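Look at the two complexes coming up: subunit A is in both, with subunit B in one and subunit C in the other.
Moving on to the complex of A and B:
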């Protein structure tokens, strides 16, 4: 998976490929390394193929961390497969999806 | 300078005139020279006659001259010998001349230097004025060089010089002194005579005997001889001079004639030839200038001769050329048009053929077609008769080019339409054969291999109508199909084609080709042949259909080298796809997830993207579970995905401790809270993605079987 982080008005994390068992830790590591000062982080799923439960695990961890830090993130450009996963697991209820 | 016609004419004229001149000179030299001599002899005869006549009067009739001669004779006989050294000595000849000129002025004035040489004689001669006067007269009258008088001495058989009279320059050696004895072989003629160049002196001489006369005038005794000597060299010179003038005149005439000849040749011939030359080069320039309309060029030869005829012929040749060029231009335009149409035809023809590659869940097709000409007679076709029957054919029309391609279109449409009408291949070919035989005056025919694959029974039913036998590629190996070869299509009316049926299991590939492949020849006139096909297929047995085609083509290219392809070449691979991905991993790590996912995507490439992503999630959840949680001495993970009708059946079995993930409750988050646990979403997701999921504990293995419609 390819992770591209851009600092602008908001921090944008662009993901390309699959967010699964192997790659989810890459995302966790990449975000951990980043000094985040922005209030809002945008995770762009435009080029994401699919997400598995391992990916959901990282997103939930991020959600907890951000909530604790009084920040939030939004997920943009979900494809149908990802949307379906969010729907059946209820992640659609706890993540800001645009 | 180039060898122009002008130069040739001049050279020819020169050679001819020089030859003519030379011949005329040689001829005239001899005849003219002789006539000159004759003329000269005549003159001498005439003049000597005059002298003779005068002598007869003056010498014979008791003139003083005879007395003087007698006196001289006596004087010479008494006083002169051959020894005539000068009594006085002089340093130079000039001194001597001056001396005697002063001493004997009258003699010198009259006789020149001759007598100065003989001073004694000079003195003596002054006494004999008459004889000297006569000598002087005779020389002057006859135009001779000198005259002298000798008497013949019988005792010594020689002429004894008495007096001599000379004109012109004198060579001292030529002088005979008075009293000199000149030996002669015979007595001089006692009659008056002219001795020509053959005289004893080597000169032209006139000899006149001098007689003493009696009182009535009859000759009494021969006293002496009177010689008149002509200057032969001078005569020769005169003759040469005359001839030289004639030579010069001839030469000058020749030059003038040559000039006239060249001018004539120029105006009559060369000028017209140049006109022709210019016209032809102008015309040639016209020809090579593009675009412009080509015009006839008139050489304008006006002379009424062969050149005029040539000029007229040239003009008619120009007209023929222009006509011919116009015809060729039109033909070229037509040909270009036709070529353009042919390439369109070729495109249409190729477009009439189905795609060169086709994939669905059951069938994979790869085709290659290469025409030796713009349009060819090879074709292939494949189409579904219904959901479970794929029909295909590969055919080769005899001949090439437009006729073959038109016939091919006819054959292709006939076979397809009749097969689609649900007829058996046997009936189809029976009808097609008869249809093609109608209106086939060209006598074209088709070799064809027509087959139908039954995907359910996994069988292939086919008829080979005189076509190349195909190759069958299975996991067990590659072999050329042994089958009946029926008669060609459009061969014999009402021919009954016999079909055959062979198993055609999933995973089997049939390779068909036209004879353009196996009969392709190299520079050594060898055929590519079946062995090379077989070995190429063997090299690529585990590779894709695309690689099989490119390997065959590379091998063929390598084999034929630069040889122009003679025939059309068509290759057709049809694979009954065996879509089953069976992988076994021992002590797997997370990398097996990506491995299996990629292999699956390759094999089931025809699936929708969304479905492939969903399977990606399924593999990630299931394999992650096994790799993460199951334990065994040697943990063995087996994953099998296969296509069955419209579903993919996925079986994941592993030999870890018993674990049924389906027992877990579905997990769903309503709202956010800090204590949401991260695990347990995997099974929920999978259940949602598949149509059925079953867990079995079988042979100490956890076996999950999932079915997903595609």
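Moving on to the complex of A and C:
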């Protein structure tokens, strides 16, 4: 999986490929290394093909971290399959999905 | 990461876990019979021993329902468990028990009327007749016990309990031998005691059935909701073994009669004893190998797991042939060692004894292959091959050839006939198989392996966590390459990742050894079937309890249960089998 992090008005994390057992830890590590000053963090799923429960758990951890840090956290551009995963797991209700 | 491939490491471990108890079980049974003969001969005398030998074919018939329906029934049950059709498996199990036990109770009833006439048909000598009568009467009147043990032992092996299955007959035979001495020497029960030790010993062995009933791994249970079509399946699978038993009994009967008439020289009688015992000694060690065929081959055939079926079948065949070749070479090289073990120390005519033993042992390789044919083909739903082989072996070839050679050339003729007939039956059967395959334009294979009719992705993984990601990716790619829509391709990938992740994290947690997981995807026209198999801690994901009221869930199991059309679980061959079905709905 490719992770591209851009600091601007918002922090944007673009994911390309698959967010699974192996790559979810890569995402967690990559975010942990960043010094975040922005109020809004966006994860862009435009090029994300696939997500598994390991990926969901990392998103949940990030959501908890950002909420504690008083940041907003959004997920953008889900494809149909990822959206279905969000729907059946209830993640659609707890994460801000655009 | 390189392409994942399939290996047989997971199923091979199962093979050895089933092989050892099976070898021990057959050893116990054969050794029990051997000691039985020694005890009867030493404590009750030669007349008693002769009487048991004379009525032996009748014992074959008495034990036939237990053996044939046990093996035949376990084959059908194995096929059905492989197909995950547990309901029909229960029906076949129940049906085999009902039919087997009914026949055995009929034997009990008629034993009061038929045993004396049967015994008198076998011998006119009043002493032998009385011994023979007592022996078959006890076996017949107690047949329900023996039939029950034989049936349950077969079904326990196929139903996740190979050790209990073996233990039943090991305990049964150990107790039998101990009781036999007790009954004869302490209670002076004579031949009645010698015979009664078997059902009493088996009854005690059957205590293992209580543990089986309590076993969490047990899938089979009794049901009365039966159908006629299952009787047909059951009888079809049992036919070759039943026929084999029945014809072997007939062959033994006829040959024994003619041998008794034709072979009169003392030396030839000794040689006949030596060659007859050779089969017995060989089966003592080799018998257990083939005993696992119905269970393992039956289940893999039912699962349409062609890879495991091929791997295990070849393994059984090769081990079997290797043991037989070793035995054959041993006898060819050192026949006098064998004859000395059996008490023949005569210094004259050693050449004749050695010559006969060397010729006779040549029958063992085809003999063992014929036995393989009897056991294997019903397990892959080709019982006709076995039936043809049995009829060729026991009826069409053996009897006429054996009798004509016996009558014209005496013992030498008999020994040669065994080699010729076993080899001829084997060759004819293989020729028939090959001609059938050519005519039907099927792939040529002596094991009649079939080509898989599905597009299949079949791999084995070791327990490294990154394999959970890798399998998902490769499975999805395979599905996409085979025109499965993106949604379904991603979901099967997801299901494999979640289950494999779960197995490695929890199922194999306590184990540092390298472990394996088999993953198989079959693409049908409108359905995807994903099967994941592991030998970790027993875990049934369908029984996993979820909190339906929670706002969200990160449970992988709950996720894939929601996304697939069905998720089922079965513990087969002591392996966790998780199966998902997903209908292809299109883009």
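Convention: the second predicted complex is superposed on the first by the 98 of 98 C-alpha atoms of A that agree within 3 Å, B and C clash if a C-alpha of one lies under 4 Å from a C-alpha of the other, contacts with A are read in each partner's own complex, and residues count from 1 in each chain.
Simple rule for what comes next: a residue touches a chain if its C-beta (ideal position, glycine included) is under 8 Å from a C-beta of that chain, and two chains touch if they have at least 3 such contacts.
Everything numeric here is computed off the predicted structure, so don't read it as measured data.
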Which superposed partner A:7 touches (first subunit B, second subunit C, both, neither): neither
Which superposed partner A:89 touches (first subunit B, second subunit C, both, neither): both
Subunit B versus subunit C as contact partner of A:63, first or second or both or neither: first
Residues of subunit A contacting subunit B in one complex and subunit C in the other: 18, 20-22, 49-50, 52-54, 56-57, 60, 80-81, 84-85, 88-91, 93-94
Subunit A residues within the subunit C interface of the complex: 18, 20-23, 49-50, 52-54, 56-57, 60, 80-81, 84-85, 88-91, 93-94
Residue ranges of subunit A in contact with subunit B within the complex: 18, 20-22, 49-54, 56-57, 60-61, 63-64, 67, 79-81, 84-85, 88-91, 93-94
Partner subunit A, residues of subunit B touching it in the complex: 590-591, 593-594, 610, 613-614, 616-617, 620-621, 624, 667-672, 674, 676, 678-679, 681-682, 684-685, 688-689
Subunit C to subunit A touching residues, read off their complex: 465-466, 468-469, 472-473, 476, 486-487, 490-491, 493-494, 497-498, 501, 550-556, 558-559, 562-563
